[in-house]
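Take a look at the structures below.
Both complexes below contain chain A, partnered by chain B and then by chain C.
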Partner chain A sequence: MKKMLQITLGILTAIGGFVDIGDLVANAAVGARFRLGLAWVVLVGVVGIIVYAEMAGRVAAISGRPVFSLVRERLGPGFGLANLVASLFINFLTLSAEIAGVAIALAMVASVHYILLVPFTAVLIWIVVWRLPFERMEQVFGLGGLALLAFMFALVQFGPDWGNVIHQATHPSIAKEENIFTYAYFGIALFGAAMTPYEVFFFSSGAVEERWTRKDLALNRANVYVGFPLGGALSLSIMAIASLVLAPMHIGVDTLPQVALPVAVVSGKIALACAILGIFAATFGAALETGLSAGYCLGQYFGWQWGKYVRPREAARFHVVVIVMVLLGVLVIMTGVDPVKVTEYSIVLSAAALPLTYFPILVVSNDPDYMGDKTNGPVLNFIATLYLGLIVIIALATIPLMIITKAGA
Partner chain B sequence: MTEGRRVWAGLQLLDRQLIAHEERLAGCIDDLELIASDDGDQLHVTAILSGPGALAYRLGRRRFGRWLRRVHACASPTGDRDSTRIPFNVVTDIGSDVKLGLDAEETGSASAERWTRDHVISHIPGSGHAPE
Partner chain C sequence: MLVIVVSLAVLAWRMVPHPVGAARTYGKYQGKAVTTAKSALSNVETVRLAARTAAAGNAFGPYTTVVISDAEEGLSGVQGTFDSIQPPDDRADALAQDLDALLSDALEHVREARVAVRRGVLDELATVAEPLTDDAGKLDAFKEQHS
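Up next, the complex of A and B:
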């Protein structure tokens, strides 16, 4: 059990990355629109985030340097600053949407309009950041997010023709009413969600918060190899159940409660309650991940004292950044913007910012000056370089595709 | 004390994290002060510049950098010493971070931190609560 609890950092990171509000809706929407035609993208994304999160965790364990320190050290202050501005903006958009997501999950139970719950939600998030120790936080929300297994349960209970499901997933085709551009656009959204930079910011800073050392390299691998595939599997089950239940009825998905609909249809009330609990924990976890990441990025770029491992008064600027971010997020959501649209934009924009975060990780994990004898092997470097190429191509294609498809409309 | 060690200043010093006493994070190396040796073919690092203004100056915003530094010097309670300049002889170790034989309070990064702590964070209940 103790061992099990030590991999909650990976689980929380992955759940916050793969199944936060934007992805929950994106996965279900993709399932309802493209069936399983884009499932392979999730697999490609899972492998990519495993490769890079393992490197980021290893660098943090061996050298004590979290990702945004590496960004500044290897890109220099100019490009580092550009990445900082972009990352803060993306974090901020995502955090705003997650605050709404938590409020929507609560509203599904409380029967009040979610906007009314937004201030309450924000206070709750801040209290967790302010008071809950880091490890307790990742255990509560990492394990809470596992309630999303209800989607997997519903999928199994639905009992699809598995041969057909696998055939659909392995022979992707584009439906008549879609075109290659919308297909590519949603593909990028799924890939961007799998590899969002805040996952490596949070994961590597979490490794520093937990004081990982050289002895924890096995723990790093366990976190990565369990957490991210689990996140990917949850994301695929949401997509699959939506494609099986919603697509035949021609129901599209554009709000969070619709995501849970197939679970209610297939498995009934108790499973629905689990799904809602899971959505609450996952969006809450993602809010923590993005809110803290904003503080981590700024703190690490400027070298401030950051983190939850010291008293709040000893990391004053870090805590002010988190508070300001949460407050601004509340303001954005209170205007009544559609939180799902907000995350969809933030995911796609983050795809455009990916190279500036992943390139320094690859460079430093090969630098014996930081890593001693724990540098990358040739196979890992080969895969990582392939992914870096892919990330660069995607970064270049993102904005044009967004314009051509009018953001997937 | 690291006496006469040869380092690749651009890669191994610039932009690295500074660590003060008690493992406190104390800013980054925003810039370096170099002095040419007597025969003129070697450069020696004499000080680390870190804190308000130093980074802006290095990024080419020279006027803004100088202004920030002046404001910071006026607001600084010590007044007598420019805390953004850290003489290189207080460096105790150079690794993936740079360790200083100083208290975090004595570095250039400390004044903004102190202000935020005293005027914002310490007014919120629980700010001194140990994180376990």
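Up next, the complex of A and C:
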């Protein structure tokens, strides 16, 4: 049991990273619009995040320092600052959307407009960040997020023609009402969602919070190899059930509550309750990840005391950053801006900023001064370099595609 | 840094509500009408599916309320956006009238479904939402005719 609980960092990171409000809506929207024609992107994203999260966790375990603090030291303050600004901006957009996501999940059971629940949500997030120990936080929200298995259950209960499902996923095609640009735009959105930068910042900082050492390298691999494929499988289930239930009815997914509708249709009230619980836990987990990641990034760049493993008084600036980010996120959502739009832009812009995050990880994990004998092997370097090339191409294509497709409209 | 500046500009443009520009030709206007009909159809079908699911005892009242209210808001939004587009000629005027009538009917029927679910009459929700079947059929036909 203890061993199982040790992989909750990976589960929380993956569930918060893979099935936050952006992924929930993006996967369901893609399923309803392209059926399983973009399922392959999720698989490519899962492999990419596994490769880089394993490196980030290994760097943290061997050096005892998270990736961000090494970026400035190894690549200089200029590159570190560019990375910091881009990461904070995307983190902030994502955090705002996640706060709204938690409020919407609560609204699904309270039947109150979600805007009214946003301040309450912010207080809840602050209490958890302030009071709950890191490991307990992982366990509660990582395991709570497993309630999203309701989507997998509904998919199995639906009983699709699995041959047809696999055929659709392995023979991607573009529907006649779509074009190559919208297809590519949504592909980039899914890839950006799978490889969101805050996942690796949170994962590597979490490893330091848990005081991982060289002895924990197996635990790092277990977290990565269990957590991220699980997140990917949940993403694919959401996409598949939306393609089976919503696409035939010409329903496009524009809101978070619509995502859970196929589960209610197929499996009824109990499964719906689980799906809503899972959405709550996943968005709450993602809000914690993004809020803490903002504190981690700034704290690590400027060399402040940071983290939840020290008392708040000793890491006052870190906690102030988290609180300020949460408050600013609340202000953004209280303006009435569409939270789904905010999150769509955050994941697409993540794609544009990916090289700033992943290039330094590749450099540091190959540096024997930090890694000793645990630098990357040639096979891993080959795969990671291929992904870096892909990431650069995607980063260059993102903004033009966003403009050409009017953000996928 | 350039990426961030461009991103901020795009975000500001896309997220802040702004008036919809005039469609200069009938073809462009027709394209916007089809997009509007598609969005409206999605919202109407969402309400039909939610109503059927709740009536069958497969969804809670609060959840169904949120789904239907969101769809109503979405439908009202697409109608408002379409109404703000200036029709370029007489043919476009006629097209606008046809679509606007469909959207108004659908919005009225969605509103009735929302009132029913707020009153907790989930058992009768499928009956209350029945007129939406006709609305969905008409919106689909409009979409096909003008695509």
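The definition used in the following text is that the second predicted complex is superposed on the first by the 409 of 409 C-alpha atoms of A that agree within 3 Å, B and C clash if a C-alpha of one lies under 4 Å from a C-alpha of the other, contacts with A are read in each partner's own complex, and residues count from 1 in each chain.
Here, a contact is a pair of C-beta atoms (placed from the backbone, for glycine too) under 8 Å apart; a residue touches a chain by one contact, two chains touch by 3 or more.
The shown structure was predicted, so the numbers you read here are calculated from the model rather than taken from an experiment.
Engineer: For the combined arrangement obtained by superposing on chain A, do chain B and chain C clash, or do they fit?
Structural biologist: fit
Engineer: Put down the vertex angle at chain A formed with chain B and chain C, C-alpha centres only, nearest 10°.
Structural biologist: Seen from the centre of chain A, the opening angle is 130 degrees.
Engineer: What is the contact status of A:A86 with respect to chain B (first) and chain C (second): first, second, both, or neither?
Structural biologist: second
Engineer: After lining up the shared chain so the two structures overlap, which partner does A:A352 touch, if you call chain B first and chain C second: first, second, both or neither?
Structural biologist: A:A352 sits against chain C, while chain B stays out of touch.
Engineer: Check whether A:I276 is in contact with chain B, with chain C, with both or with neither, and answer first, second, both or neither.
Structural biologist: Once the two structures are laid over each other on A, A:I276 reaches chain C alone.
Engineer: Which partner does A:E73 contact after superposing on A: first (chain B), second (chain C), both, neither?
Structural biologist: A:E73 contacts chain B only, not chain C.
Engineer: Applying the document's definition of touch, where does A:P229 land relative to chain B and chain C: first, second, both, or neither?
Structural biologist: neither
Engineer: In the superposed model, how near does chain B get to chain C, counting Cα atoms only, in Å?
Structural biologist: In this superposition, no C-alpha atom of chain B lies closer than 15 Å to one of chain C.
Engineer: Taking the stated contact definition, name every residue in chain A that is touched by chain B in one complex and by chain C in the other, in rising order.
Structural biologist: none
Engineer: Could you list, by residue number, the parts of chain C that touch chain A in their complex?
Structural biologist: 1, 3-4, 6-7, 10-11, 14-15, 35, 38-39, 41-42, 45-46, 48-50, 53, 57-63, 65-67, 70, 74, 140
Engineer: Any idea which chain A residues touch chain B in the complex?
Structural biologist: 63-65, 69, 72-73, 76-78, 80-81, 130-131, 133-134, 136, 299-306, 308-314, 316-317, 319-320, 369-370
Engineer: Any idea which chain A residues touch chain C in the complex?
Structural biologist: My answer: residues 82, 85-86, 89, 104, 107-111, 245-246, 249-252, 254-255, 257-258, 260-261, 264-265, 267-269, 272-273, 276, 337-338, 341-342, 345, 349, 352-353, 395, 399, 402-403, 406-407, 409.
Engineer: Once bound in the complex, which stretches of chain B touch chain A?
Structural biologist: Touch list, chain B to chain A: 12, 14-18, 24-28, 30, 50, 55, 58-59, 95-97, 104, 109, 112-113, 116-117, 120-122, 124, 126-132.
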